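Each of the next two complexes has subunit A plus one more chain, namely subunit B in the first and subunit C in the second.
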Partner chain A sequence: MSGQHSDRVVTEPFDDQLGTPFAPHSDETVATMLAAIGVDDIEDLFDIPSSVQFDGEFGIPSSSEQAVSRKLGDVLQTNDSAVSFLGRGHYQHAVPSLVDHLSLRSEFLTSYTQYQPEVSQGFLQALFEYQSLLVELTGLAVANCSMYDAATALGEAATLSQRARSIDGSRVLVPSYVRSEYRSILDNYVSGTDLTVDIIQTTEGMVDPDALSAQMDDDVAMVYVENPTVEGVIEEHLSTVGSLTDEHGALFCLGSDTVALSLLERPADVGADVVVGDASVLGLPASHGMGLGLFACREEFLRQVPGRLVGASTDEAGARTYTLTLQTREQHIRRERATSNICTNQAWIALRSAIHAGMLGPQGLLSLAEQCHRRAESLATEIDEFDGISAPARDCHHFREFVATVDSDAGDVATALQERGYIVHALDEDRLQICVTDANDHAVNGFLDAVSEVVV
Partner chain B sequence: MESHEWTEQRDGTVRVGISDFAQDELGDIVFVELPSEGESFERGGSFGVVESIKAVSDLYAPVSGTVVDTNEALREQPELINDEPFDGGWLVEFDPDEGLEHLLTVDEYRQQV
Partner chain C sequence: MIGDQRQALWNDAASDGHEPLLSEKDSTTVSTADSALPEGLTRDSVELPALSEPELARHYTRLSQMNYSIDTGPYPLGSCTMKYNPTFVEDIASRPAAATHPDQPEETVQGTLQVYHELQDYLGRIGGMDAVSLQPPAGAAGEFTGILVTRAYHEHNGEGDVRNEVVVPASAHGTNFASAALAGYDVVELPPAEDGRVDIEALQSAVGSETAALMLTNPNTLGLFERRIEEIADIVHDAGGLLYYDGANLNALLGRARPGDMGFDVMHYNVHKTFATPHGGGGPGAGPVGVTDELAPFLPAPRVRKMSDRATTNGAGDKIEYELFDPERSIGKVHGAMGNWLVLLKTHAYISRLGDEGLHDASAKAVLNANYLGAQIDLDIPFGPFHHEFVASAGDRDAADFAKAMLDHGVHPPTTKWPEIVSEALMTEPTEAESKRTLDQLATAFDAVQNADDETIDNAPTTTSARRIDQTEAARHPRLSWHALDD
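Entry: the complex of A and B
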């Protein structure tokens, strides 16, 4: 596009003919208003200390709307169109266009707040469906209608363990593979409480049952384990974790996501008390930042759940209705004793997630999850054929992603792949992490060619 | 300490509930969270929570002691606190570590509310 523009003459006066857009603060109106209230200068209306005032120039040239639009378009064209094989907590799945068509309807997109039962039955029903989906996938009785992201949901699970009367102890155990971002947010949540966070050693990318058993005592309040782990490993010791936490009266918090849960062991069946994770794997592109915090738990902890809950009820005419419920947990009623500082949620993302799940249906979800399992394992097998790289690095089952070890420097390999249009994680000098889903599967053949070229 | 629990001395234990005034102020009670038997509390410590349709309030131990019994009927019928605050709506029984001399008499309480 930019190349085509360069030999065309675009006259700025044409843009200028659009004139100044209507803005209420022309010099004249500002002067009139100031005169009416007897003030000389706008600055007199504010009391901002000079120490925090910006005294420079912003250096942003003034342009017409069309010129700005062209400029931004040109800048965006400079993005490369590399295909992502990145994962580690952010996963891309094809989002059907119907999700946009429905969720962008103004009744959903611009309704603030979505919680007035008398005007927003549709939105409340969608959130109730989202919760029901999580209840079905986790086997746990209660799910809230979302938190900010997986990491904040993990933090909330830790503070729940401290509030619950049935749970004693002050130590939270997390596996060594836990992402630093999650750890940092968890540390934030537990600061100011009596909780401390300790690491569980892992073997072959999984929680080591013997190490965990040795670490367990009655002072452990919560144990967090992921399935699949951030390295794509399907954990094999979940039932052991469930027994150990049960034995020591600790909360078992399992991290997962809505696609993985469709295929992997149901959390309730392995003794999980709380499930957290990212539900935006459905309904949202991998934005590498934004998420949708999944939070579900056993009924015993209903009164300790953070965030909002949508309940089903009946109105005076006997019709099924939906309403926010159990709000006495929340800070607008319970003040400093509230279960959480979160009084909001990601309602619109939860809506998109529910629409996507609804479109797939139980069979579609299962089929997507099976593909995530099969594609990762077959890609690892194919990569392993090449000299100079071996995959998967761990002898276990994988979901979406796996670690590969390379003979040459992993950072150099990742850079060389990027030059060929493919992006992977370099974990350290020896290891790459590669993620494959329905969203990048079309590029696997080209990716394999590129890998074969760069690892020798 | 101003709170609205009543006590009743029984055979070596102290039964605790909330007053008729308190249940009336709270409105319809929908949930009660009670401690487990064997838990100990200092005088004035929060031993549970009572939740009505409009508020959530802590329950404060009128005496230091150990919980020896809880009113299990409240789990299914929290409204007993509204219906029979001094009778079927009792909350817990403590094995007290101290006497009851520091508590208000019924007349003193009535003058306060």
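Entry: the complex of A and C
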């Protein structure tokens, strides 16, 4: 356990001659530099009034690289190694080794935002290709090169509805199934606008066309719907949502992800105006919810898009090149009138995601998506064989995950599964949610045995 | 560049560009007809490049060679703090045990929560703040969070409707303005005094009963320490406002001064700037927020705490030492989970490596390097004494042109044309990571460009993967995907 290590302070003073490992000057060099500046001591360069100088210690010991790696490794090892059957918006697919090896090339990893495009063509082209992937998957003409995650992308979509001249209303409608985190972020993002957020009631985990129709009026600015939903339901009424939003001059914002988009209805075909979601389903292993916010929209909203856009141009030699473009939308130029405050985004994960998608290719992407559907349905069918549990709880098509109902307390069932090395969601007293992908498929047999033991 | 060294340029006979787009190498359409799903629930087909693993390996390797990075050479972008990124932190972040799901029960992620807890604590000590949230996924998200906390505080005091202004110095980062506006505030711009610092009289007339906060970075974007910071804090606090610290320039102060001790109530940290997490060509970063005890109840949910009564065990017999909790009057969420976890893990590793001694030395060398470089170049630096960065003027030259010409000397140029208080600004921050030899190389590049003839400047850059790029064309005729390219 980590306790015995973390209590022991490992102080390994740095070499006096060379200073800290990442700030390399010998004492002689420092003296030469100070002489060139014309001061005697580095401390003379600081212009901090004594009343606010800090003379204390942080109490953080310096450690060798090996000691830090060992200590943090030990700490992380205290995480349970149980197999996760968790999903609900945070999904894991097997990431090929090449994604790590290429993305960790320091030319990519240690570069900054491409403010000097002439020396940053490589990253810009990769981001252009990432945007192209999203354009292909959504059918929408514009995709930015990332938001923080799915939830903040949803928040940004709502503020876009306020800026778009073609959109009037002041209400944002979100389905009852949205994660509380999404709702909370949405509330924060619209808090500086006149927008309010209302709930759409759903039936069997899907949009109820009649109920939505009754809620729609010209004061609705945006309707958000997920496909697949956070419960793994493949939505069957997208075109209806598209017609209703069109009729009432509201924005149709669809939540999805890059794997699901490869197979399920194309957003442009069902009338979606904006697509948000998580693109880190490709390229990023489970990272405690760290994500890659997907954001794509119709061309008419181009000038209102939040975040960075890479565009093609030509250079003086006439060659095709790439550059960040339409920067007058952004905070460093437009300041308080910018389309968003976002600056640093998730570009490196976009690179990883593009590499992963490239390795899958169209056939691989489609197969992965098809497996997300078939694995979930097949696991639900197998689970349904056991007494004490029935699955899927909803009569619909599923993607990656499904809800199951149990006769005994769902929390107790989840705890019992955890003791056997498997983690699932307990949604309430009666319902579990179970997610299966290529990342945990290898453990399905053991999982089924465990389920059969704990539900009876 | 020296001699005929050039940045890589890959010519492919099949393309007019440098390295063909993936879509120019292959385009394959695959139908969804074989799906088990009903036809009405699927798209028709998907059209994407189908390439082999070796082809992709070569594609991205070539792209990487057409990309400048901190491991390629100096990157003295002012206020961006592009310092060397130690590689050992990547090894830690890629450990399988770090690959946790945000919905895992607390007892199964004790290691993850311990890292969060220790980092909250470290950052609190470094900034002189009582409580820290690690949730904001970038600096600008940290600003937005800090401003939401500020607003919640005023609302709690019944002043939410009255205090509707945020005061921001003219030279502040663009995100300050945008973050305050996103939270619904009117932004009041504060003009600088002649010495480049906050104009105390202007501040006095700008703040009042409508002021929610003053956002400040210290040292400011000119590298100058706001000497009258305590007076500034008193003015803002006397008016009932809060003082917000933009952590972009914290690298200058590590171990020497702390925002909390200067009177700041809320701050964000930019971990890719101060704590060397790689910027990854535009992120991910992390923008933790620190606050005083008074503001702690408003921080985002959840935070992590160590159980006071030692470890307890749950029903399954697992030890629980660290737990999540929601602050009493939390503003809610600013990220879908708990922020950019892997970036935070790298931050912890960097701080643990340096410790007190290393952090204190980082600010010393950062300020030494900036002052040494400033002393080596001939350009006018109107404001001082500066710390970690200085703003030189390109004089008669256009700063953007000056920057392009520097590229031909194998170095990345400074931030240009900002802050506007210096005409044709070259905002330069070498960081502590550069050796004297590299600083001399940078100084040579500055001087060479200053003394270059107009033709050389106009033609620059010539040794880079791309020649000067037409920005107007890119914006007038946006082509944002390979679908939009005419063929």
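Everything that follows uses one rule, which is that the second predicted complex is superposed on the first by the 375 of 456 C-alpha atoms of A that agree within 3 Å, B and C clash if a C-alpha of one lies under 4 Å from a C-alpha of the other, contacts with A are read in each partner's own complex, and residues count from 1 in each chain.
Convention: a contact is a pair of C-beta atoms (placed from the backbone, for glycine too) under 8 Å apart; a residue touches a chain by one contact, two chains touch by 3 or more.
Not measured: the values here are computed from a predicted model.
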| item | value |
| --- | --- |
| Which of subunit B and subunit C A:106 touches, first, second, both or neither | second |
| Partner chain in contact with A:397 - subunit B first, subunit C second, else both or neither | second |
| Partner chain(s) touched by A:29 [first = subunit B, second = subunit C, both, neither] | second |
| Which superposed partner A:337 touches (first subunit B, second subunit C, both, neither) | both |
| Which superposed partner A:165 touches (first subunit B, second subunit C, both, neither) | first |
| Comparing the two partners subunit B and subunit C, which touches a greater set of residues in subunit A | C |
| Residues of subunit A at both interfaces, subunit B in one complex, subunit C in the other | 328, 333-334, 337 |
| Sites on subunit A touched by subunit B in the complex | 165-166, 303, 328, 333-334, 337 |
| Contacting residues of subunit B [partner subunit A, same complex] | 31, 33, 35-36, 51, 54-56, 58 |
